[in-house]
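Once you scroll down, you'll see the structures, which are given as structure tokens.
In the two complexes that follow, subunit A is the common piece, with subunit B as its partner first and subunit C second.
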Partner chain A sequence: MGKKLLLEHIDVPGIRTLNVYRQKGGYETLKKALTSMTPDQIVEEVKTSGLRGRGGAGFPTGMKWSFLAKPEGVPRYLVCNADESEPGTFKDRYLMEHIPHILIEGMIVSSFALGANTSYIYIRGEYFYVARILEAAIQEAYDAGLLGKNIMGSGYDLDLYVQVGAGAYICGEETALLESLEGKRGNPRIKPPFPAIAGLYGCPTVVNNVETIAAVVPIVKDGGAAYAQIGIGKSTGTKLISASGHLNKPGVYEIELGLPVEEFIYSEEYCGGIKNGKQLKAVVAGGSSVPILPAHLILKTATGEPRLMSYEGLSEGGFATGTMLGSGGFIAMDEDTSIVKNLWTFSRFYHHESCGQCSPCREGTGWMEKILHKILHGHGTLSDVDLLWDIQSKIEGKTICPLGDAAAWPVASAIRHFRHEFEEYVKAGHSIKDVKHYYRINHLPEPAN
Partner chain B sequence: MPKVTIDGITIEVPNGTTILEAARMIGPEVAPPTMCYYSKLKTSGGYCRTCLVKVSQGSEKDPRPMPKPVASCRTQVMDGMVVENNTSAEIQEARAGVVEFLLVNHPLDCPVCDQAGECHLQDLGYEHGKSETRYDFPRREFEKKDIGDKIQLHMNRCILCYRCVKTADQVTDCRVHGVLNRGEVAEISTYIEKSINNDFSGNVIDVCPVGALTDKTFRFQSRVWFTKPVDAHRDCDKCCGHVRLWYKGDDVLRVTARKDQWGEVADHDGKTGWICNTCRFDKKNTSDWVIDGPSQISRHSVISANHYNSLKALKASIDRQKAALPHGEKVTLGHGALDPNNESK
Partner chain C sequence: MEKKYQFSPETMAVVQKMISRYPNGKQKSALLPVLHVAQAEFDGWLSSEAMDYVAEVLQITPIEVYEVASFYSMYNLKPVGKCVLEVCRTSSCWLMGSEDIVKHLEKKLGIKDGETTADGQFTIKTVECLGSCGTAPMLQCGSDFYENLTLEKVDRLVENLRNDAERRVYTKDQKVNMD
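Up next, the complex of A and B:
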């Protein structure tokens, strides 16, 4: 049984309310931080813990915090990125919906550590009802003197606001999020300057994922060293994984980093194997942006070692035979899944969500989607597959923000590992109806023979 | 002062200079092309990705190369930085890719576009583009829109460089000009399609690198290479009054701001020489102006080549040869046939 730090009390009835949360030891960490620690000590604990950003990039949180510029007389901000829009990822929603106070406690502790007196939770528009839950929880915290002026008699003031976005994937990119929070069009900014120097309203700002901020609570509670004990190598602590797809038990799981992928998929404690006794075909391990891997490469690395769920474990082998932990959106696909159809769905998403600011992403995402649509319906040619490869290579690394990479990687990996399937669609041509997947994707009954 | 090496040429530049500005100081041979960057507009650049360069050494202190190509217009130089532009095959390929992306949804209606001949996208396409497209889907289309009674917006041609948005933001008083929608269907708009009642709104025509924003008083009047640019000035109480007149015969067909070597509005008295709408749209008589002399046009420009005269010379040459040859025999053109000064061929 893996250690649970964030979801320990998830099954306690009424944990959403302040009273029950406090009965389970809630806000004790805040008391400890405010009464017995200095802000620098908290930053040190986070550094010691080895906590890495849980939003996808995996940047060390303590290092990010220490980059924050601290000029005199300029306010600093902490912004929580709750714009969880990566297809396949729903861990933050689960956490905020059930234990909103762990996020709020994390926000207060982190804001104290960073010296911020105003903090924001930027939540995606589709999570409107979650925003209501958060607002209710924040109100409870204000009423109990945990927010506002002179928190717990420590002399520290903090105002916490929830801002609901309009529902754009791009606003999960930290600089686009800040633009949107300022009331502007959600276009990513050109970096540098990084938000740590000039972020919200031009002031130094730290943007962290929901799970990252929530993880600060157990780190401060038990100490960074204890947190660093959990996990493997540079992947310390626990991670929330949103498991979806053809699994017997999809859902949000808290795992200790370093868990073998095979155990995660097949053990009864976690996903309980593939639905209907079918074979695993492929896995997208960290949300739709990360490279897809075929079953043999997700279960074992290219060298035959068992693959582990950690930042390093999943990226072993580079993009040739590896992938990324990303945001932890674990999508499993069984043997009947069409990779081409799945890729088209992803590409359609990136086409729809491109902000249109820089040319490769604006034009390239739409182009890739159209080619995939063509191949999917039996009008493709073999040269279209090469063209797709060429287009993705001209998007990757050439754009302002990582959305371009996120659109290119799934295409590259699908062609790298499943080229035969594209060719199958192309060769079938107008007799596409002979391809097994055609019936499934078009919701037609399969012929009897 | 930091030293930077671009394509093997080292130059010392002031602190805070971007790679692109440093390259422009060296000269046009090493300067990366730009579609969205405009040195006269703050915060412009970074969008089109044509000016991508490879930084093979970050600085003297930290010689690691940058992992990805960077937008030279928004990246500041560091002491000891080594940049590869034209010398990097990787960058040339990336740039060709960007040109292809810019052109996939561009209507390529150069034969009927007023910008043809002075279009930056045309130049870029000639230099880095391919002769045929790999895009075989319908191109996106928008309705033509009027921005006031003097400017037309033809969104099909737009490459979303944001230059006009920045101009409306920084040069005119109140901003009613921006970008609507997202991604592939993003479009420039005045929000409610109403006119921009502003004396300097016409400058968006000058900053537009393509034919998306055109001068309605000049639309379909003439190809630019048939007109003759002349620098002139007048006393104007709103702007600097230093302009370029485009003549065809004795008629002034259009008035624009003066452009510098990089195709940007040139400085006048240390300030950017933006011109007002009165000078641009209403003063189209020679008597309104004091003529300064013929404009300097790059000899590589189609305007300078004056194809109109070349074609006249060519026709004369063909006619002469035809007359001398037996009926039905094909005319072969000798070297120099396109040179307007060459009367012998």
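Up next, the complex of A and C:
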């Protein structure tokens, strides 16, 4: 049984309420931080912990915090990124819905460490009901003197607000999120300047994912060194994994980083194997943006070692034979899945979500979607597969924000590992119905030869 | 004559509270939440008159409202049914059969994706990932999530909503039960 730091008390009835959360030791960490630590000491603990951003990029959190500019007389902001929109990812929703106070406690401790007196939680608009839960929990915290003026008699003041978005994946990108929080279109900003220098309203700002901020609570509670003991190598601590697709037990799991992928998929403690006794075909391990891997490469690395769920473990082999931990959105696909059609749903998604600012992304995502649709319906040519490869290579690295890369990687990896399947569709041509996937994905009985 | 686009005093108090969350002079930050309120108040969609009114409330120019309203997918820029059935179609939901859910709804309601029934009760809208991948397939109506859908569950949902006179909007939801 892996160690649980965030979901330890998830099964306790009423853990959503302040009372029960406090009975389980909640807000003791805040008390410790406010009464016995300086802001710099908290930043040091987070650095020592080795915590890396849990939203997908994996940047060391302590280092991000230490970049925050502190000019005299200028307010600083902490903004929590709860815009969770990466397909396959639903861990933040689960955490906020069931244990809202761990995020709020993390927000207060982190805001104190950064010297912010006003902080925002930016949550995606579709999670309206979760925003209501957060607002109710924040009200409980205000009523108990855990927010507002002179928190716990420490002299520290903090106001915490929830802001809802309105349906835009791009607002998960931190500068687009800040634009949106300022009441504008979610167009990412050109960096530099980074938010640590000029963020919300041009003031120094830190933007962190929900899970990252929640992880600050166990780090400050037991010390950064204790946190760094958990996990493997530079992948310290625990990670929430959102498991979905053809699994017997989909859901959110807290794993200790370094868990073998095979154990995660097949053990009863986690996903319990593939649905309906079928074989595993492929996995998207870290949200839609990361490269898809065929079963043999997700279970074992190219050198035959068991693949581990950690930042380094999943990226072992680079993009040639590896992938990324990303947001931890783990999508498993069984033997009957059409990789081409799954890719088309991803490409349609990125086309829909491109903000339209950079030409390679705005035009390229739509173009890729159209070509995939053409191939899928039996009108593709072999040169279309090469064209797809060419387009994705001309989006990657050529846009202001990483949405371009995110749209390119799934296409590149699907062609890299499943080129034969694209060719199968092309060769079937107008007799597309000869492609076995066609029958399966459309739930039609396969004809007997 | 009473002006059509006017928040009630109660709604205006809610809006003023939203504006107070931001520093002085940064009231534009409240634009997204205020547009949600306007959409809920003004028949589930944002006409240009409704957007002009929001601009007036926030003391910003109308174009600043239009450019935002047209950017985000949760704002409706034309009338929609009382119950907008937003069916997720991205990977995990597709893997678990979201196409069957959409086809079933289209057949049952006699309309296509993006259309509204003649009585104005239902709109079908396919949407991108709503963060409910582990409980796929799913749809959202108002702020409620309906998860682990089967065709039978969809039938029951449609029957329950068919005579529901209340418009389903994002800002209204089941009461938050903290226990």
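The rule is simple: the second predicted complex is superposed on the first by the 440 of 449 C-alpha atoms of A that agree within 3 Å, B and C clash if a C-alpha of one lies under 4 Å from a C-alpha of the other, contacts with A are read in each partner's own complex, and residues count from 1 in each chain.
Operating definition for what follows: a residue touches a chain if its C-beta (ideal position, glycine included) is under 8 Å from a C-beta of that chain, and two chains touch if they have at least 3 such contacts.
The model shown is predicted, which means the values in this text are computed figures rather than measured ones.
J.: By the touch definition at the top of the document, which applies to A:His352: first (subunit B), second (subunit C), both, or neither?
T.: A:His352 contacts both subunit B and subunit C.
J.: Is the number of subunit A residues in contact higher for subunit B or for subunit C?
T.: The partner with more contacted residues on subunit A is C.
J.: Regarding the shared-chain residue A:Val164, is it in contact with subunit B (first), subunit C (second), both, or neither?
T.: Second partner only, subunit C.
J.: Determine, under the contact definition given at the top, whether A:Arg185 touches first (subunit B), second (subunit C), both, or neither.
T.: Both partners, subunit B and subunit C.
J.: Touching A:Thr61 in the superposition: subunit B (first), subunit C (second), both, neither?
T.: neither
J.: Contact-wise, after the overlay, does A:Lys398 reach subunit B, subunit C, both or neither (first, second, both, neither)?
T.: Touch status of A:Lys398: first partner only.
J.: Once the structures are superposed on A, label A:Leu387 by its partner contacts, choosing first (subunit B), second (subunit C), both or neither.
T.: First partner only, subunit B.
J.: For A:Ser85 in the superposed arrangement: first (subunit B), second (subunit C), both or neither?
T.: A:Ser85 sits against subunit C, while subunit B stays out of touch.
J.: Quick one: classify A:Thr212 as touching subunit B (first), subunit C (second), both or neither.
T.: neither
J.: Which subunit A residues are contacted by subunit C in one complex and by subunit B in the other?
T.: Residues 168, 185, 352-353, 355 of subunit A touch both subunit B and subunit C.
J.: Taking the touch rule as given, give the residues of subunit C at its contact with subunit A in the complex, in rising order.
T.: Those in contact with subunit A are residues 21, 23, 26, 28-33, 35-36, 58, 60, 64, 67-68, 71-75, 89-92, 94-96, 100, 127-136, 140, 143-145, 170-171, 173-174, 176, 178-179.
J.: Where on subunit B does subunit A make contact in their complex?
T.: 45-50, 52, 67-69, 71, 74, 93-94, 97-98, 100-102, 104-105, 134-135, 137, 159-160, 162, 178-179, 181-186
J.: If we count contacts the way the header does, which residues on subunit A are in touch with subunit B in the complex?
T.: For subunit A paired with subunit B, touching residues are 168, 170, 185, 190, 351-360, 362-367, 370, 387, 393-394, 397-400.
J.: Inside the complex, what are the residues of subunit A that reach subunit C?
T.: 14, 16-17, 75, 84-90, 92-93, 118, 120, 124-129, 132-133, 136-137, 140, 159, 161, 163-169, 180-186, 201, 242-246, 250-252, 284, 288, 329, 331, 333, 337, 341-342, 345-346, 348-349, 352-353, 355, 443
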